[in-house]
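Next come two complexes built around chain A: one with chain B, the other with chain C.
Moving on to the complex of A and B:
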């Protein structure tokens, strides 16, 4: 994914350099023609609805929650002054951050395995194992956790039968379940960029570290980890933004009462019918995620500049 | 006491034998080169000494201690890699301090040691730079300083100069030797560049096909190669195959005549050789070696009966200080290196050249496998 975006970037650079030829105008027209369907599609189905959403978020509602044609910051004031919503925002970010941290922790060993696979066939097999869950629906993957974690689920049944516990543990319908399911669903998105980063670090760098007296753990912490930070940040950006915006997974394993922003937005739209408030929440969530992702991106850029000039 | 003993070391990769039963002792303070074509096993041997690879068989001793099963970080070695392997996220100072920090030395000690190492490679003013801000030669020096800063018992050099351009490589060779002698550290250089190995080393080990073909001083391996492989690998060589015959009788001057069946002179007869050395005949055949620079040129016929041939020039390349010629006999070719004649006109392909050499220049060689 990481190299993918790079490749697209270099292609784009090359394309923009090509424009400087004598057939510049013709080429440009050609480019726009090719882009037109995509631009139209995004314009109609992304930009336009998004603009409407922004507009909606500034609209007032009356006592019956009917949307009015007057504009104010009242929805945003409600989002950012109510302790309930502030708590929801906080726990949304906290859960996404925890998910990101766990994903990164689990992704490193998996990425190592991918990069150090003993043969090409094994590597292909590992990649298939890693990516194949992405081909099934999130609903199905999350549903498997219900089967495992429920009161009469696989884990409780086994523990009861083994007499480890006397009463079934309640593992479902809480934040822990949400985080567990999140980590499982999003792990591949962390593994792939880290594996790319790992495969780009030369084996001699690890060898140099070891010959200088560093054992394997020291070598990982002082050489491998710093050098794969770009991959880790790329993975973190993807996982964090997915985890902060997911709605199906927390609904299925956490229940609709969990203090998570996507669930609150759903409630406002489908149950309370306060559309402007839902819009303001959506925009707030989006801006928050943008800020955090932007920050991570900035760190990434600084780090790469430090290493490569 | 930082001798290295390599005792019957072998390494197999699946069915491939990368290294077959190598035994070798590298002396304290010695500059030793492992020389060989790619795939000869020299990197495998270096990696076994460094601890990155375990030998399939055999034992490695460093400073009298069996290190065969020790990981690289317990061997107290210094190593310079082909791509330098400087840590890109650390400054020059931090790169050199890396091994010292691992050893938990005090900040003051580290500072002193890094400055000392930087002074050794004359890069004092570059301490704050990052590797990408340095030229190839400077990165090379930092890599040397980093390896030496931990005061290793042995310095390993894995083709350290092959990424530098020709002129810089010469300079660095000189400097490498200089540093090595000042520090007095036992050094092993792995290289495929014979000139580099010969000019730097006290002794050279030539590896071919996974076996140690010869160990000797640069002089020995060039003048007295142990076998055909070494002769052909170190410098260029003309090989004459001779057959055992009745005529192999010494002359009053102590020279013995042979007929080179691999070469025929203009009279369509085996080329007549006269040598002072006695070859060992195997299955009735033996080999003589003649270095290209020992052959002399004449532009008129000479009255010689042996070690002389009338030839036709095939190819010539002028490399400034020398002429490199390839000439044809009736059967077989000879390679000739001769100093630039300066004032004379250079011969052209097709020209007839008369070549001759001294009996002492024919070196009897052990035939290859």
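Moving on to the complex of A and C:
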């Protein structure tokens, strides 16, 4: 009797295990089917174009800039041996880094207000002020800076009327204008992750620090700031990669001749028609951004490991 | 803690914070206001109010063509991206396999890849495939750019969903398909709506890829705007800006009403 029950029990257990694994398999198949369209789409329209671009970057061109079917490193040699392009690469990194630093500096007070605003309505207002520019096309936001900074623009107009200046200042078509516009366009990307990590820092931690005798500035520097570093690095990753790879804003407020890699690429494609050289520059830019983003990601991981003991 | 009293530190933090918000919003605010000014040159505050530049846009067949193309794209791109993105986010939340993190990073990557590089890669691919300058090419480009936003918002909703609800449904005999449509989908609807709004707004404002893959017969509003800004100083761009701003505010209100802004950003 007893052995019989046990037998039935083991049989039942085995059967139920089999059923469980088969439902699990069925579910897995179902989930893979859900993922399939995305994998195909990204395979054809993201992996394939980049594979083609890499191939193109190794192709030679003839004197008429017609792409040939011979392969060499000549495009990369041209990019990395020309002082002009090397200078362009440096100033691309420099401008993106400056934009990132300014964004982070301005993001802290903005994030603080967003998180610590006394009422819900006020927080909602700050959110709308922050996100509505993000949802407005970058062309429009850049255009706004042209209206403000141009020779006959609003800033010059107001300063002339107030007799602060006698001659209109030329504020457009330089790197300063590019950085100002970049900072304004990308600031929300820095504020949002910092606000998230700020809202996660527990009020008890700050109170404990104050009770132990630290003043508010010390508390910020020793407690709050380290806890928001992950948010700041996340913001920096987004801002840096956007600033290093955009061409619309610098083209419109800086002009075509600014030494920025995206603008050189744009010129090679749209005016010079040297596609392999543009491809080599594009791949170089991509690798450059990946290296810096990877580095920041590594710092982020180390920091989080340190924070969690 | 104690009674609220005036603190210099609070004052400095709040003033600088408010200045940052002004810096962010003022430029767009200024052009939106000057769109209602009849003057040829931007002036602030405007001396009179007129809808002249709006009339100029809506009676110009070129702008109307572009508006039509942008709206058409939005209505093709949004549903496809939302369906594909929802399926992918759900699958990625439920599947466990080696390299999952890589795939997740991969579907979010269009946000991080330098836009000029993505634009040129697609330009070259579409030229090879013979779909350069077509609506199809633009749809594909916009889908790539909108996809990460959909995945992000839907993933948040899926991760807040209790998997036991799905297990209960399947223990009661529902198939995975039935469970997905009857249990999962209704519960993650807010995330999907927010994703749809982001996809629509992203498609409507996209320029970096569109500039490379559009042709004279498929010029979207942002691409035409870019062309105008580059060539002339035309105040009707101010009126176009207002259209974009209204669109983004409407989008924000929808997100705030469905999921709450602070949840998805």
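Quick notes
Going forward, the second predicted complex is superposed on the first by the 285 of 309 C-alpha atoms of A that agree within 3 Å, B and C clash if a C-alpha of one lies under 4 Å from a C-alpha of the other, contacts with A are read in each partner's own complex, and residues count from 1 in each chain.
The rule is short, and it goes like this: a residue touches a chain if its C-beta (ideal position, glycine included) is under 8 Å from a C-beta of that chain, and two chains touch if they have at least 3 such contacts.
Because the structure is a prediction, the values reported are computed rather than measured.
Within the superposed three-chain model, A:214 lies in touch with chain B and out of touch with chain C [touch as defined at top]. Taking chain A as the reference, the larger set of touched residues comes from C, when chain B and chain C are compared. After overlaying the two complexes on the shared chain, residue contacts for A:137 are found with chain C alone; chain B is out of touch.
Judged by the touch definition given at the top, the superposed model places A:308 against chain B, while chain C stays out of reach.
Shared-chain residue A:129: touches chain C; no touch with chain B. On chain A, the surface touched by chain B in one complex and the surface touched by chain C in the other have residues 207, 210 in common.
Considering their complex, residues 1, 9, 13-14, 16-18, 20-21, 23-25, 27-28, 30-31, 34, 41-44, 84-85, 87-88, 90-92, 94-95, 103, 106-107, 109-117, 120-125, 128, 140, 143-144, 147, 170, 176-177, 180, 201, 204-208, 211-212, 222, 225-226, 229-230, 233, 237-238, 240-241, 244-245, 247-249, 251-252, 256, 261-262, 265 of chain C touch chain A. Touching chain A in their complex are the following residues of chain B: 50-52, 71-73, 75-79, 81-83, 85-89, 98-99, 102-103, 130, 132-133, 146-147, 150, 156. Across the complex, chain A meets chain B through its residues 202, 204-205, 207-215, 218, 222-223, 226-227, 303, 306-309.
Against chain C, in their complex, chain A makes its touches with residues 23, 26-28, 30-32, 34-35, 37-39, 41-42, 45-46, 48-50, 52-53, 56, 106-107, 109-110, 112-113, 123-124, 126-133, 135-148, 150, 152-154, 157-158, 184, 187-188, 192, 207, 210, 216-217, 237-238, 241-242, 244-248, 251-252, 262, 265-266, 269, 275, 278-279, 282-283, 285-286, 289, 293.
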